[in-house]
Amino acid sequence: MQQAPRITLAPGGPDFSRVVLGLWRLAEWQRTPAQRLLLVEQAIALGVTTIDQADIYGGYTSEALFGEALALSPGLRQQLQIVSKCGIRLVHPNRPAHGVKHYDTDRAHLIASVEHSLRMMGTDYLDLLLIHRPDPLMDADEVADAFDQLRRDGKVRYFGASNFTPTQFALLAARFPLVTNQVELSLLHLPPLDDGTLDQAQQLRCAPMIWSALGGGRLFSDDSAQVRRVRAKLAQIAASRGVTPAVIAYAWILRHPSHPLVLTGSGRITAIAEAVAATRIVLTREEWFALWCASRGSEVA
Amino acid sequence: MQQAPRITLAPGGPDFSRVVLGLWRLAEWQRTPAQRLLLVEQAIALGVTTIDQADIYGGYTSEALFGEALALSPGLRQQLQIVSKCGIRLVHPNRPAHGVKHYDTDRAHLIASVEHSLRMMGTDYLDLLLIHRPDPLMDADEVADAFDQLRRDGKVRYFGASNFTPTQFALLAARFPLVTNQVELSLLHLPPLDDGTLDQAQQLRCAPMIWSALGGGRLFSDDSAQVRRVRAKLAQIAASRGVTPAVIAYAWILRHPSHPLVLTGSGRITAIAEAVAATRIVLTREEWFALWCASRGSEVA
Amino acid sequence: MQQAPRITLAPGGPDFSRVVLGLWRLAEWQRTPAQRLLLVEQAIALGVTTIDQADIYGGYTSEALFGEALALSPGLRQQLQIVSKCGIRLVHPNRPAHGVKHYDTDRAHLIASVEHSLRMMGTDYLDLLLIHRPDPLMDADEVADAFDQLRRDGKVRYFGASNFTPTQFALLAARFPLVTNQVELSLLHLPPLDDGTLDQAQQLRCAPMIWSALGGGRLFSDDSAQVRRVRAKLAQIAASRGVTPAVIAYAWILRHPSHPLVLTGSGRITAIAEAVAATRIVLTREEWFALWCASRGSEVA
């Protein structure tokens, strides 16, 4: 069976599987703890040992659902690398005190959020903590101070950001070492290729983590002219290589020289296996550019 | 009486009042020298000791009007920090040689402009000189040379820029130490929050100076959907805190982690006192984000 | 006869003529080898000793056409500085293997492309090699490795980029010393003045090379409102200085403090002489800003 390769996120950074099991929809899957455990075990069998979580997923329930599964298998934690996020406060029945959806990167909130994540997942530490969204009120010194405290207490091993612009990332990285920026990239979302996001990732040697690699599913459901162009080209390349179009969509991202990791979003192990299969495919430049041009609707300049 | 707190603009930089008396409309106020002196003395009583000027204000008349007031009170100068600007050449009856409004950051113009400002205000030095607008023809080495000369001659103590983009500021800062970028920010002008301007200010620890904090008055006069949304939210928060909406509008800016200074634009001491009152208020995150969302017309992502 | 001055492109960089003979239309000119040689000799007489080429010009024919001319005059090579580019693969009868127009900055392609350029032009080395367009798949380490190999083999003396954004340029410059970014700038293409491109050039002291200085000829042929405004102002300034409008259009670019070099695009020596004449003219600030405002359709802020 094919196994996902591993990658070091940044110089001195952690060693993760190149394919990451994203659990933001875990609550929607309506599974028993044993079924959730099975998915994780099947992922591990594919070499997908890195788990992506956030405090807010599933309306603040996803981490606990994952923790229930972990509790069924003592020793499983050591085989995993767990990523979680904080910094968003949702208006939600599970957080009745919140009156307005907002961001919060205050020291107290970051530390309390991590401690809550650890309790929910039944683990002593996170491998990686990300600030979920750029907070216009982020005090970089205060975040660095919170990160430092979390690291010294052994609660979090590495730190990063998500959805940060290059200047936001540069600001926080100037105060504390970051290992990744988790950003959206897909054949339906091209801006990181030329807005500086991936240039910065490559310059700092911080491998980006990519969310929504399949456009949140739109790649295989929408009927716009753009999506139809991309889908036709994916189908053609997939057929020539004897794989599914989703494999090619993941391979298109993995081809980038910033060495991106890809998150999956599905609860079906066959869908996760498609991302793993993509790690064995290196698209030719003509294939890669044909897809890029299909998305843009124009040839290169 | 409440007093404006003080702040150091940058490491090794000057110590200014957090609220700055902006005099760009001084000529419009049609006051006698004694009345102008009274306003400055009332401001000082509020801790507002920093004055914001520019060569061009009032069609090249504002500095002289201020100088007339200063001359009435020997010794007042030592209680003040005076900021002025140069680098714009207006087409104006007071400058008959100018045929086209343009920018000028040539060494000779910068030095001559400062010397003129000093004569008009009757002072020996400026505490801070700002390049008023980014000049596409700015030779950073030449500006640095002019700054160095002005500093060595004791005519200007610190230097900065105004309305510079992050790359323009980085260019000049690479040649000469700058302490601030004076930029527009208000609930009606949000770009600096995510275009890199305030990220850079925070990263370089250069406290920004903020002009048009009340949107040039539009915040309380316009009738657009955006302004009505913002005004309603300001009114609600102001009522709950027992202050005026303008106090909240200033507090919204002062909440930013880059430690902004705010300029006032009014000649009424009660209006200036509103900015001073704002320095005692720390908006909650929910208040701050509710205002941000009211301006944007959408909740956070 | 006026001669083009010389300029060092970057600290430790090469010494080029400020006016550069651009040969991207050489194939269109339909000239004999002797006629091509004559043009080069006439350019040299004007001090225009730097030649701008690219592998793809003329559908992969321009370098060979130039090489035929060079071969007629042994010893001419030493008087010239030759710039070429690589990194684009055209779909063209001369490259039947190409199925999709795309970029290629792989090590093997860069080295093979340079070796082909050298053979076509009959020379042992390039003075400067540029990556023709930003390649989203550029691995900066791999490009740096290729550059290093080319330099050690004596095949290329200096390196740069073309049409790179500031973050793309910063990425590659972090891995290998670059001496220039060749970009488009003209009275009909203003973005580099405020998108950070020329700020970066000035900050890094890398003189930019400017292509399409006359808007690809549109400056003297189009009938849009913008072009008519610019043309009227060019005509007025040209008349007052006793030169042609094209001289003023070049002088407008040469006035920039980043010390740009300008490429010509014409095969007429009189047109090249206009660029050379521009190097003797320093526009006043009022002239420069009047042209900028004519292009923008508004006065400065």
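As written, the chains take the letters A, B and C, and residue 1 is the first residue of each chain.
By definition in this document, a residue touches a chain if its C-beta (ideal position, glycine included) is under 8 Å from a C-beta of that chain, and two chains touch if they have at least 3 such contacts.
The UniProt protein names, listed by chain, are A, B, C = Aldo/keto reductase family oxidoreductase.
These numbers were taken from a predicted model, which means no experiment stands behind them.
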{"item": "Chain C and chain A - chains in contact with each", "value": "B"}
{"item": "Interface composition of copies chain B and chain C: same or different, split at half", "value": "different"}
{"item": "Approximate Å spacing (C-alpha centroids) for the pair chain A, chain B", "value": "42"}
{"item": "Chain centre separation (chain B, chain C; CA means) in Å", "value": "42"}
{"item": "Touching two or more other chains - residue numbers and ranges from chain C", "value": "166"}
{"item": "Chain B partner contacts - residues on chain C that touch it in the complex", "value": "166, 193-194, 196, 198-200, 202-203, 255-257, 285-286, 288-290, 292-293, 299-301"}
{"item": "Chain A contact footprint on chain C (complex, rising order)", "value": "88-89, 98-104, 106, 133-134, 136-140, 142, 163, 165-168, 170-171, 174"}
